[in-house]
Structure formats: structure tokens, C-alpha cells
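The same chain A turns up in both complexes below, where it pairs with chain B and then with chain C.
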Partner chain A sequence: MPDYSWPPMEKRRIVGKRTSRLDGPDKASGKAKYPSDLNPPGLLHAVMLTSPHAHARVKTVDIAAAKKFPGVTAIRVISGPGTEVQWAGTEIAIVAATSEAIARDAVALIKVDYEVLPHVVREDDLGKVGNRAKAAGEQVTGDPDAAFKEADAISENLYSIPVITHCCLEPHGQVIAMKGDKVDYWPSTQAVSTVGGDLAKYLEIPASNVHVQMDYMGGGFGGKFPADRWGVESAQLSKESGGRPVKMFLDRETELTIAGVRPSAFANIKIGAKKDGTIIAWQSQSWASGGFGGGGMPPLPYVFNKIPNYRLNHTAVSINAGSARAWRAPNNPQASFLTCSAIDDLAAKLNMDPLDMFLKNVGLTIRPDTYRLQLNKAAEMIEWKKNWRPRGQNKDGYMRRGLGIGISTWGGAGHASKARTTIHPDGSVEVELGSQDIGSGTRTVISMVAAETLGLPISMIKVKIGDNLYPVSGPSGGSTTVGGVSSSTRKAAVNALQKLYDIVGPILNAPPDRLEAVDGKIRMIGNPDKGMSWQQACQKLGVNTITEMGENDTKRTEGLNTGGASGIQMADVSVDIETGVVKMNKLVAVHDCGLVINPKTAESQVLGACIMSVCSALMEERVMDQQTGRVLNADMEFYKLAGIADIGDIVVHMDITPDNDKRGVIGLGEPPAVPGVAAIANAVANAIGVRVPSVPLIPSRVLAALNGRRNA
Partner chain B sequence: MQNFEYANPKTIQEATALLGASWSDANLLAGGTDLISLMKEELATPKRVVSLKGIKDLGGIHKSGGGLRIGATVTFDELLENAAVRAEYPSLVEAAHGVSSPQIRNMGTVGGDLCQRPRCWYFRGGEGLLGMKNGKSLIPGGENRYHAIFGNGPAYFVSASSLAPALIALGAKFKLVSASGNREVAADKFFVAPQNETTREIVLAPNEILTEILIPSAKGVKNATYEVRHKEALDWPLATASVALTMKGNSVANARIVLGHVGPVPYSASAAEKWLAGKTITESVADEAGKAAVADAKPLSQNEYKVQLARVAVKRALLEAGGKKA
Partner chain C sequence: MRGVGLSGGVLSTGLLEQEAQAAPPAAPVSGPAAVPITLRINGKSVNTSVEPRETLLDTMRNSLDLTAAKRVCDRGTCGACTIIVSGKVMYSCTMLAIDSQGKEIETLEGISAKNHPIIAAFVANDAQQCGYCTPGFVVASKGFLDKHPNPTYEEVKKGLGGNLCRCGTYMGIRQAVVDAGKQLKGGRNA
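Up next, the complex of A and B:
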């Protein structure tokens, strides 16, 4: 069997080198076409009518007037009479027309009669949700009551983090054409190889009848796996309009209302430690809501899950609001915030430097050595020992400065992925995978791996992804893509190269297993003069090509990829105690991700994740109005996100070491989105001397905490 | 967005002739940064849109009677770059600079800023200007973190204009022109708190154009604006204060203190203004004035913090005007 293992670190020419993303210029110049940019000939536009009520029963839907509206080609009722609508924004009907304006005007002519039912759209006060709360069973380990008695210090507090949305730059949607039972489908998706099957299921046609294509997409963050109702309905509209393509992308308001959220998390946490900082007891009553489906259970205690004595209670709350979808490391950012806040508060009770407290307790994690190293590295980067003061002591006029720590863990092993490598007689190389580049640099990584393996420059590799006719490769979720596609690409390229060696070996008079591909040449190992150029070698193929497959088998990754990623982030903030405004000075991020194929795009992932954490820590929250049942800030004005001036300095350290490298490739899409919120919240507590228990840390909450009040 | 007729007049006279007696007849389009969103949400549904961009007389900034005359279609950027404005009216510069996106500063106009509609999320969400449901306002019992701390209802939105407090403090006048004549309105009389859903938050009538802003000379008038912003990028201030201090030696002869984003109209803090007369600006004087400025505030269920922010804004604006950087 060929040796697929990664070449040793010191021998790599391309893998491990900072490489700019290959599609950067196309994206920056607008040459790259996203699904929402596509306007195929004969295009129709679809617009949806959605429910203004958070909870209602549809009595009648009258589409007669809309149907007659000139330019309308098809109308479908999605939620017909009798349907119980469970959140505002629910899809009621959809219209296809020759222009978006006509479709909108027609939608306005649809008359829907609702029986309005009582709603609950907020979960913050558990006492007010009545039968919407569903308790999960209690979990107990050790003897928490006895342990709390033995504790020298106990901290107890109620912390919370609200629902946020994905805020993809490109909203959910697709262009789709259905003729007979054949579908051409251009979705904005994280799942090129599987989304067609999802669509086919609802259309009751064979999955192989759906051709999915997507070269670029404008962000998913976990929210873009399914075909969605609007995809299925648009296909039907197309079919009913004689197969003309139909374009339908959610408008911003609908995007922020129904296209998925990250669940909230609330937790009353009691935590106890010995004088030396050793944590011995934990108790938490948590609740969360991810919309009507409830959902969202933060894994508590997070990372420090070997606390010997704990009691956990969790309650899922169903509210009349759009449902949860995976959001970059589902439930982990919430759990990190809750746990790290509790540990930081406990350290304050013990008058202990929280860095010492975290270090003291790394033994309660599954990777003590890694976390110890990372804590020390991050502390060095943020100059913890020089800059840290006990809570509330770092003063300059009305400004207060503080530092804080957050922690993360994640899996990140590669998903199932198949790749096909073709070597042509003219020396050109194609790599094909039914994968997708959701902005993380997947295309670039595939090119780098193929180029490294074949001894060619990146420019000689043509990567073909974004089409479900290519070999099946998993969806981009769970930070599994880089591990999956790099391993399958590696294997396919090695396999193809073996075939080339088999042809070239006899000509060079060398055993094929004594050949290597380096610097655009095929040559004999240890005898560089005995060889020929890549071009010459490929000419020997005559009229044939070499086409070989490679597969990442998740059960047997052969050391190419693995899971288990640790991370530490530390924040440095300044708080204006007269206004409650928090300013980011710095966020440092230390992450191990095994073998790093492209340090540059890996770093970009961390930077992006840190920015998302700044947003979530300081600004972001979905505001639900109990009176109207609607999202009040389903726009980019009051759904607040950071701009460049708000994010401060972000310094990333990738833990690229021979030891980490040996583990193989580990995904990095999600873990860096975990610890930032905790780090920033702890930094603010350190700065102002009191805990602001609820994020985002908006001025009202910061001032309330300073005034000794829990709520703003 | 509803269909509309588009007109591109070349003179003020042509433009006024295109306006009607009601807001649904015609709306004026300047930079469009607000009007277009209102039309998309169908909160504005004019039969005709009258562009002001082709009217030369509405542009430009020049000296006039010792003060300045600013055309209504002058953009934030033009205002910021103007030497005369920069020399005498730092409070206006700071307010214009605060409008936090380069795109809006590039397109948005002074007239549009003063005539823009409130950003209240109930209003923008289609619940009406006062957010009335079954005869009761949704705001006091609702999500009111960004709402008014001054005024007694029924309007709880906050006046959106960042330029207004500065212009009021500087004693500006606005010129309004209709087909039947002209009138000059003092800046502080331009804004009104509507008492019902059908009235507006400014006195401008549907058939009028705001053509120019006249600001008296600010020689010897120390002026400054301080804005409290939650974030730097694309956001609204939570509270602002613009101050203009006429000095007599080291002490304040006359003070104007106007708060923004705290009530349905810019709030003139007259008690604080009176209290400040004769005082020298020090940290504690500025702090006391801030306290006096918010003495009459009546916060709603979620916005008590804005009282503190308004107070701090006054203090810091005064310190800045007094040359004592806050």
C-alpha cells in the first residue's frame, strides 16, 4: 500500500507555507459569482408572504387577486388553512413573477385570515414561560452537597447569553430550475454533495436528478445545510412556470427572523474551591431556548468536566420564535462563557489571579498539558503578569482596564470525503471534489495539498469543487472540511502519482517505488540527475489520462487527520465607567490545530472568529418584543455588529510545533469562535470590579452592574 | 416599494410647484439614505418623488451677515471639509463626524438629517409613529432601551438628527419655502413632539422645502458636541450634548445646552443653562451642570442608563468647550 502520510515538516515545500487564498482577487474584484449573483436567461423572481403573528392558526388564504396580477407565473400556498403558525416570519405563500417588484406587489394582494393565539417569545424569565419549559433529568456525580461544605470559597451567580443570529452576508436562498423531474440547483449552501438529496426528498424525485452547483457562497456559519422550504417551493414554482429558473433569496428581515439562530443560555451556577484554588464542586441550573423547538444545552461544566462533584439541571424552553440552527461550535461559546465566568468569579472570591486559578485546575480537563502550555503562551502574549491587577484596580481617570481568560475545546476530525485526481498528458492536473469553499479557504488548501504531493507549483493544479457530480465530499460543518478534503486529496494525488511512476519507472530504468516528484520533476530518490520533467513524464501517457480516487475514511484516517482542538483566548479591555462603554484593546488567541496546511488562511479563520466573539460579547442580541411577538431588530442597524474601529488588536498564535504536527490535520472553523466571549466578559469584570452577568455588555448593563443592580 | 413618478426640477420654484398638500402626494429626495428605506418599508408611499439634487441654489456654504448660510443639500462630508465651518463651529463638525458611516456622510445631506424620520423600531416595524395599539403606546411596556427619557408621551421616540442639537445651541434658523411664500423658523421651533399619529415631528409642511440653514457668527462662542456611542461603526449615539458658551472673560455669560437622542425633540436644558451663567468651567461645575440638565428626566422601564449618559455627555461637552479635554 502506498504511503499516504504527510511528508515530514522540514521537507514540505507548500504545505505549511503562508499562502494567499487563490480566489481572493476574484472575490475582491466581483468576478466571483455567488448564487445570488446568478441571473440565467428567463429568470423569474420569487417572494414569500410570511406570518406577522408569532402564534396563530391560518383560517383562509385567498390568492385569487394575486394570481391575476400581470407578470405572476405561479403561486403556492405553503401554510394552508388549519396550519398552526409557531413563529412570526413563518412562510405562508410564495409567488413567482417576472420581476421581484411584481412578485412583491402580488404578495401584497394575498389575503390571509388568522386566528391569533397567545404567544411566548421570551425565555429570560423562567417564571413566565409556564408549560413551555421542559426539564431534562438531573445529573449528579460525586457528592456535591458535601463538597460545597468542604469548600473554602463558594461563588454563586446567574449568568446569561442571549439568542444571536448568523448574519451571513449573503442571505439564504437559491436559483433553481425544475423541468419535469430534473432540477438544476444553485443554492448558497454548506453542503454541495448532500443538499440536492435533501431537496429531492421533498420533491419526491431521485437524488441523482438534482444537479447542484455553487462556486462561491457568502457565509453560512452552520446555518446553511438544508434545502429549506423556500428551496423546495421555488423548485415547484419553476416547474409550474414551465421550467424557467426562479431566484429567491431571503430579505434581511426574514433572514434574521427565520433562517436560524444560536440558542440562548442562562445558568445559575454555584461553584466551590479549596483555598489553593482547586475546584471541588459545581452545581448549575441552566435553561435555554433555540426557538419553538427548544434546544440548546450548553455542555456544563465546560472543559473542566472532571470536577469531581457536580449536579446539573437543564430546562429547554420552547418559544414562538424562529428555530435554532448550528452556529459555529454549537453550544460551546455559551458553555465557555458560563463556565469561565463562574471560575473567574470564584478566583475573585479567593483573591486569586484567575490565570493561576485556570492553571491550578487544568488537571480537571482532558488535555492538561496542552491547556497549561496555551495558558502560559497567551499570558505571555498579553503580558498578563505585567498588566493584570486585582479587580477594579487598574484605573486612569474614569477609564478602567482589565484582562480576562476564555477556554475552548472542539473535535474537528475530517469528514467522509472522496477526491478524484486526473493527470493529463499535457501535464495539467485536476482535482475534483463535491466539496465547497464557504469562505474558509478550502479551494486553496486542496490546491496546496495536491501541489505538495505532486511536486508541482500551485498554479498547475486545477481544483474543481462546488458541483455534486464530483465525488461525494461531506458538508462543511463541525470543522470537518479541512481534515476531510486534505486527506482525500492527498490520497488521490498519491494514488495518481503511483500510476505515473509505474509508467515512468521502466523508462528511467528505476523501480517505481524509488521515484519521487519534486520541483516539477520525476526523479530517482537520492539520485536527482536521474529523472525527467513533469511535462516529459506526462507525455508518456500518450492519449491516456491517469484518474485516481482518494478517500478519507472517518474510521481509518491513517494519521492524516484527527480531532481534539484546544484553545485559549485572553482579552484586554478598557471600560469607561461613566458611560459603560467597553473598548477592545486586544484579544490574543492561541489555538492548536495539529498540522496547519495554510497558516495564513488558518489565521484568518481565527481572526474572523475573534471578531464574531467581540460582536457577541459587546453588541449582538436578537431583541424579541413580547407585545407584538416580533423581532424588533431584524435589520443591520439595531442588530449591532462591530466595525473595524470596534475590534481592537487581534493577535493570533497558531501552535505549530512538531508535536502538534504529528497529530495530522484538525479543523479550525469553529473552536476559535468559542473562548472570546468568556475572555471579554471576564476582562470587563476585572476592569470594573464587578461582574456584568449578562452579555452583550452594553452600556446599560455595565452601568447597572456598577450601580449594584443585576438588571439594566 | 410602491410605484411613483420621479421629478428632477432645476429650481426651487419648479420644485415647490411639484409638491402637494399631503405627504402622500410628493416627497423630497436629497441623499435618499432615509427616504429610500422608508419607501422600501412602505412607511413613505409618495405618488411623486421630487429630487433636490439638480437644484444648484440648494447647495453651497457661504458667509452671510457675519454668520454662515448652509444650503440644504450640503452633504456631511462637504460640511466637514468646509474651512469656515471648521474654524468656528466645532460642535457642528463633531456632530457631523459622528454620523458613523462614510457612505452616509458622503450621500446624506444637512436638510435630510434635519428632516429624517425617527428610528424607533416600533415605528420602523410598521406600528405607527407613536406605536399605538388599542389606544395604548407599545413603548412604555415594551422594548424601550433606546427611547426617550424626556417628554411625557405620547411620543416616546427620540429625535434622530445629530446636527439639530448643535444647530439649536448655535442659534440657527431654518428657511422654509413653499409655492406661496417663505418663512424662517428658529431651529428649536422646527422640532415638535407629535400628539397623534397623523402629525409629524417637524413643522415642515408637505408643500415646503427646507432650503437653507442660517447660523449666526460664533466668534467668541465656545462650542462643542459630545456623543456617547456604544460602538464606532454604523450606529446611533445613545445620548449627545451640544453646548455653546458665550464667555465673559473666564466665566460663562450665556450658555446653551441641548441634548440629542433623548426625547422626541432635541432637549434644551434650560435649568442647567441658567445655573451655568457666571460660572467658570471646571470639572465640578461641568458635573453639576450635567446633573441639572437631567433633573427632569423621566426614564422608561429600560432606559434609566440614558439619564446617566446624557449627564456625562453634558459634562464632557462643557469641559471640551471650556478647553479642558474630558
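Up next, the complex of A and C:
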């Protein structure tokens, strides 16, 4: 069997070099066509009618007037009479028309009669949710009661982090055309190879009848895997409109209401330690809601999961709100925030520097050496020893400055992926995968791996992704893409190269296993003069091409990729105690992700994840209104995201070392999105001297904490 | 009120607030049916017909296949639909197409056809991930550089406060705008 292993670090020419993303020019010049940009001939536009009620039974749906409206080509009732609607925004009916304005006018003519039912849309007060709470069983290890008696210091507090949304800039949706039982499908998706099958299941047609194509997509963050009702219904509208393509993208309000959320997490945490900082006991009563389906159980205690004595209780709460979807490192940012806040508060009780506390307890994690190194590295980057003061002690007029720590862990091994490499007689090379580039730089990574393997410049590799006719490659979730596509591409390219060696070897009078592909040449190992150019070698193919497959087998990755990524982030903030405004000074991020194929785009992933953490720590929250049962801030004015002036400085350190490199490729999309909220929340506590227990740390909450009140 | 942080949107636009003045009255057209209009886009006259209620953004995207400007918030908050109208940076989702007659409209399609250095600077600094906010940012950056050549980081932060990115590409954008500014200045002095 050929040797697929990565070339040694010092011999790599392309992998590991900072490379600008290949689709950068198309994106920055506006040429990149996203699914929502497509205008195929005969295009129709669809608009949905959604429920204004959080809990109701549909009594009647009258579409007669809408059906007759000029320009309407098809109309479908999605939730017919008798349907129990469980959240506001539930899809009731959908209209296709010759323009979006006409479809909207027609939707306004649909009359729906509801029997309104009682709803619960807030989970912050567990006492008010009644039978919506569902307790998971208690988990006990060791003897927490005895351990708390032995503890020299105990900290107890209630912390919370709210529901947030994905707020993808390109909303969920698609352009779709269905003729007979064949579908052409241009979705904004994280799952080119699997979303067609999902759609086909609901349309009751063979999966192979659905042709999925997507060159670009405007953000997913875990929320864009399924075909969704609007995809299925739009296909039916197309069919009922004679196969004309139908465009349907959610409007912003609907996007923020039903297209997925990150679950909240609330936890009463009691944590105890010995005088020297050694944590010996943990007890938590947590609850969370991700919508009607409940969901969202943060893994507590996070990372420090070898605390010898603990008692865990968790309650899932079902509320009448749109359901949860995977959101960049599901449950991990919440767990990191809850755990690191508790540890930081305990350190304050012991009058201990939290950095020493984290270092003291790395033995309670599964990767003590890595976390120790990363804590020290991040501390050096943020000048912890110079800049840290005990809580509330770093004052300058009304400004208070503080530092804080957050921690992360993640898997990130490669998903199942197949790649096909074709070498043409003219020397050009194609690499095909049914994968997708969701903004993480996947295209670029694939081309770099193929170019490295074949000894060619990147410009000679044509990467073809975004089509489900290409070999199946997994969805982009769980930070699995880079490990999957790099491994399958590597293997396909090695396999193709072997075939080329078999042809060229006899011509060069050299055994095929003594050849190498370097700098655009095929030559004999150790005898660089004996060889020929890549072009000459490929000409020997005559009229044939070489086409070879490569597969990342998740059970046997042969060292090409693996999982297990650690990270530490530290924040430096200033807080104005008169206004309660938190200002980011700096966020430093130290992450390992094994062999880094493209440090430039990898760094961008970390920077972006840090900025998302700033949003979540300081401003982001989906606010539900118990009175109306609806989202109060389903627009981008009041659903706050950080702007370019809000983020301070962000400094990234990727642990690129021979030891980490040997582990193979590890995904990076999610781990850096985990520790930032914890780091910022702890920095604010350090700055102002008291804990602000609920994120986002908006001014009213900061001021309330300063005034000794719990809630703002 | 909850959820009201300090960032984003028009609250922090500074420059854009000042520049996004109301447009002068448009040519007399009325609806409700579609009416023919002529727009000046990227130096060319374009005829189309629109319902009076149509935004310039929707007209560009749906009728003229000018899709660089994106529809994201559709409420004048995020800047993804940014264009330049008679020299001013505007959100095209807040303008009606019929009101846009008689103005010089510049979109990213026009800016990229002229090979403005801001585009290469975005690429070199990896100032895009998914890329959906990128066209709006590039246009806002170009409009900002037109008025503030060779800016500092602090000026860039203020000048681009009217655009939002979800992937988190702000670090690259800051650097890209500063780099492009230097090139523009070099170009003029060369």
C-alpha cells in the first residue's frame, strides 16, 4: 500500500505556508454567486405565512383570495386545520408568484383562524415553567457532601447565558426547480452531499434524483444542514408551477425566529477547594432550553471533569420558541462560561490569582501538559503577571481594568470523505469532492494538499466542490471538514501519482517506487537529473487520463487526521463604572490544531470565533416576550452583533510545533468559539470586583451588579 | 432595554450618519403598477421597470442581475447592500428605485471593473470568510477611502461602523483598508 503520510514538516513546500484563499478575489469583487444571488430564467419567488402565536391550534386556513391574486402560480397550506402550532413563526402557508412583492401581497390575503393556547416562552425562572421542566437523573461521583465539609473555601452562585441565534447573513433558503420527480436544488447549505437526500425523503423521490449545486454560501455556523420545510415546500411549488424555479429565502425576522438557536444555560454552581487551590468538590443544578424540543445540556464541570467529588442535576425546559440547532461547538461555550466563572469566583474567595488556580488544577483535565503550556503562553501574551491585580484593584478614575481566563476542548477529527483526482494528458489536475466551503477556506486547503502531493503549484490544481455529483464528502459540522477533505485529497493524489509513476518509471528506466514529484518534475529520488517535467510525464498518458479515488476512513485515518484540540483564551477589558460599558482591550487566543495546512485561514477562523465570543459576551441575546410569545428583537438593529470598533485587539497563537504536527490535521472551526465568553466575563469580574452573573454583560447588568443587585 | 449594547448598526456609524442624507426628490412617477425608469449605474444608463415600492437593492438584484450588494437585514442596519450614490455611501435597501433616477450609482461591480486596490487588499489580508458581508464592506471602504485617504486604524473603526460581519473578519478588514490607503497615496505621489 502506498505511503499516505504527510511529508515531514521541513520538506513541505505548500502545506503550512500562509496562503491567500483562492476564492478571495471572487468574494471581494462581488463576482461570487451565492444561492440567493441566482436568477435563472423563469424564476418565481416564494413567501411564507408564519404563525403570529406561540401556541395555537389552526382552525381554518382560507387561501381562496390569495389563489386568485394575479401573478400567483401556486399556493400550499403547510399547517392545515387541526395543526397545533408550538412556536411563533411556524410555517402556515407558502405562495409562489412572479415577483416577491406579489407573493407578499397574496400572503396578506390568506385568512387563518387560530384557537390561541397558553404559552411559555421564558425559561429563566424555573419556578414559572410548570410541567415544561423535565429533569434528567442525578449523577454523583465520590462523596460531594463530605468533600464540601473538607473544603477550605466554597463559592456558590447562579450563572446564566441566554439563547442566541446563528444570524447567518445569508438567510436559510434555496432556489429550487422540480420537474416530474427530478429536482435541481441550489441551497445555502453546510451539507452538499447529504442535503439532497434529506429533501428527497420528504418529496418521496430517490435521493439520486436531486442535483445539489452550491459554489458559495453566506454563513451557517451549525444551522444549515437540513433541507427544511421551506425547501420541501418550494420544490412542490415549483412542481405545481410547471417546473419553474422558485426562490425562497427567509426574511430576517423569520430567520431570527425559526432558523435555529443556541440553547441557553443556567446553573447554580457550588464549588469547593483546599487552601492551596486544589478543587475537591462540585455541585451543579443546571437548566436550559433550546426551544420546544428542550435540549441543551452543558457538559459540567467543563474540561476539569476529573474533580473527584461531584453531584450533577440538569433539567431540560421546553418552551414555545423555535428549536435549537447545532451552533458552533454545541453546549461548549455555555459550559466553559459556567465552569470558568465558578472557578474564577472560587479563586477570588481564596484570594488567589485565577491563573495560579487554573494551573494548580490542570491535573483535573484530560490534557494537563497541553493546558499548562497554553495557560503559560497566553499569560505571556497578555502580560498577565504585569497587568493582573486582585478584583477591583486596577483603577483609573471611573475606569476599571481586568483580566480573565477561559478554556476549551473539542474533537475535530475528519469526517468520512471521498475525493477523486484526475490527471489529464495536458498536465492539468482536477480534484473533485462533494464538499463545501462555508467560509473556512476548504477550497484552498484542498488545492494546497493536492499541489503539495503532486509537486505542482496551486495554480495547476482545479478544485471542484459544491456539487453532489462529485464523490460524497461529509457535511461541514463538528470541525470535521478539514481533516476529512485533506486526508481524502491526499490519498487520491498519492494514488493518482502512483499510476503516473507506473507509466513514467519504465521510460526513465527507474523503478516506480524510486520516483518523486517535486517542483513540477517527476524525478528519481536522490538523482534529480534523472527525470522529466510534469508536462512531459503527463503527455505519456496519450489519450488517457488517470482518475483515482481517495477516502478518509474515519476508523482508520492512518495518522492523517485526529481529534482532541485544546485552547486557552485570555481577555483584557476596561469597564466604565459610571455607564456600565465594557470595552474590549485585548483577547489572546492560544489553540492547538495539529498539523496546520494553511496558517492564514486557520488564524482567520480563530479571529472570527473570538469576535463571535465578544458578541455573545457583551451584546447578543434573543429576547422573548412572555406577553406576546414572540421574539422582541428579531431584526439586526436590536439583535446586537459587534461592529468593527467593538472588538479591541485580538492576538492569535497557533501551537505549530513538531509534536502537534505529528498528530495530523485537527479541525479548528469550533474550539476557538468556546473560551472567549468565559474569559471576558471573568475579566469583567476582575475589573469591577463583583461577578456579573448573566451574560451578555450589557451596561444595565454591569451597573446592577455594581449596586449589589442580581438582575437588571 | 435588554439587548441594546453599544455596537453595530447606525448607533456607531458616525460617518455614515452624516453622509446618508435624504436624497433630493425624484422624477415624478407614480404607481401602483410598474413604471419605466432609467438608472445610471456604473457609468451606464439602464432601463427597467419597477413597482414604486421596490427598493433599489431589490431592483438591482432581481431585475438587473447586479447581485454584489446583498439583502441581509433589509432595514438599514447591516450595510451588506452598501453602494455609492453620487459620491455618498448609502444603504441600497433604504432607497426606492424610482427615487434613484438621475443619480450616479456605483456598485461593487463597477468598482471591481476598475481594479480598485481595496479589492486586492481584502484578499491579501483575508478580510473575508463566507464573504456575504464582503461586497458591502468593500464598497463602504472604497467610499471611506475616497474621503479619508491614508487613514489610521482608529479612523477605519469609525468609518466602517455602519457594516456588520458575522464570521468575524474585522481584523483583516482594518488592515486591508489601511493597506489600500497607503497604496492609493503612493499611487498619487508616484
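Rule of thumb we're sticking to: the second predicted complex is superposed on the first by the 712 of 712 C-alpha atoms of A that agree within 3 Å, B and C clash if a C-alpha of one lies under 4 Å from a C-alpha of the other, contacts with A are read in each partner's own complex, and residues count from 1 in each chain.
Just so we're on the same page, contacts are C-beta pairs under 8 Å (C-beta built on N, C-alpha and C of every residue); 3 or more make two chains touch, one makes a residue touch a chain.
Note that the structure is predicted; figures quoted are calculated from it, not measured.
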item	value
Chain B versus chain C as contact partner of A:D344, first or second or both or neither	neither
Touching partner for A:D655 - first (chain B), second (chain C), both, neither	neither
First, second, both or neither for A:K27, with chain B first and chain C second	second
First (chain B), second (chain C), both or neither touched by A:L169	second
Contacts of A:A101 with chain B and chain C, given as first, second, both or neither	both
Greater chain A contact set [chain C / chain B]	C
Which superposed partner A:G580 touches (first chain B, second chain C, both, neither)	first
Chain B versus chain C as contact partner of A:D467, first or second or both or neither	neither
Which superposed partner A:D198 touches (first chain B, second chain C, both, neither)	neither
Partner chain in contact with A:A645 - chain B first, chain C second, else both or neither	both
Chain B and chain C contact sites that coincide on chain A, given as residue numbers	101, 581, 618-619, 623, 632-633, 635-638, 640-646, 698-700, 712
Of chain C, residues touching chain A in the complex	1-10, 12, 51, 53-54, 58, 61-62, 65, 67-75, 77-78, 80, 107-109, 112, 119-120, 122-124, 126-135, 138, 156-158, 160-161, 163-174
Contact footprint of chain B on chain A as seen in their complex	101, 104, 578-581, 618-619, 623, 625-628, 630, 632-633, 635-638, 640-646, 698-700, 703-704, 712
Complex contacts: residues of chain A adjacent to chain C	20-21, 23-25, 27-34, 36-37, 39, 99-101, 167-171, 216-221, 251-252, 438-441, 581, 600-601, 603-605, 607-612, 618-621, 623, 632-633, 635-647, 650, 696, 698-700, 712
Chain B to chain A touching residues, read off their complex	1, 119, 121-122, 124-125, 127, 133, 138, 141-143, 145-146, 228-235, 238, 302-305, 308-309, 312
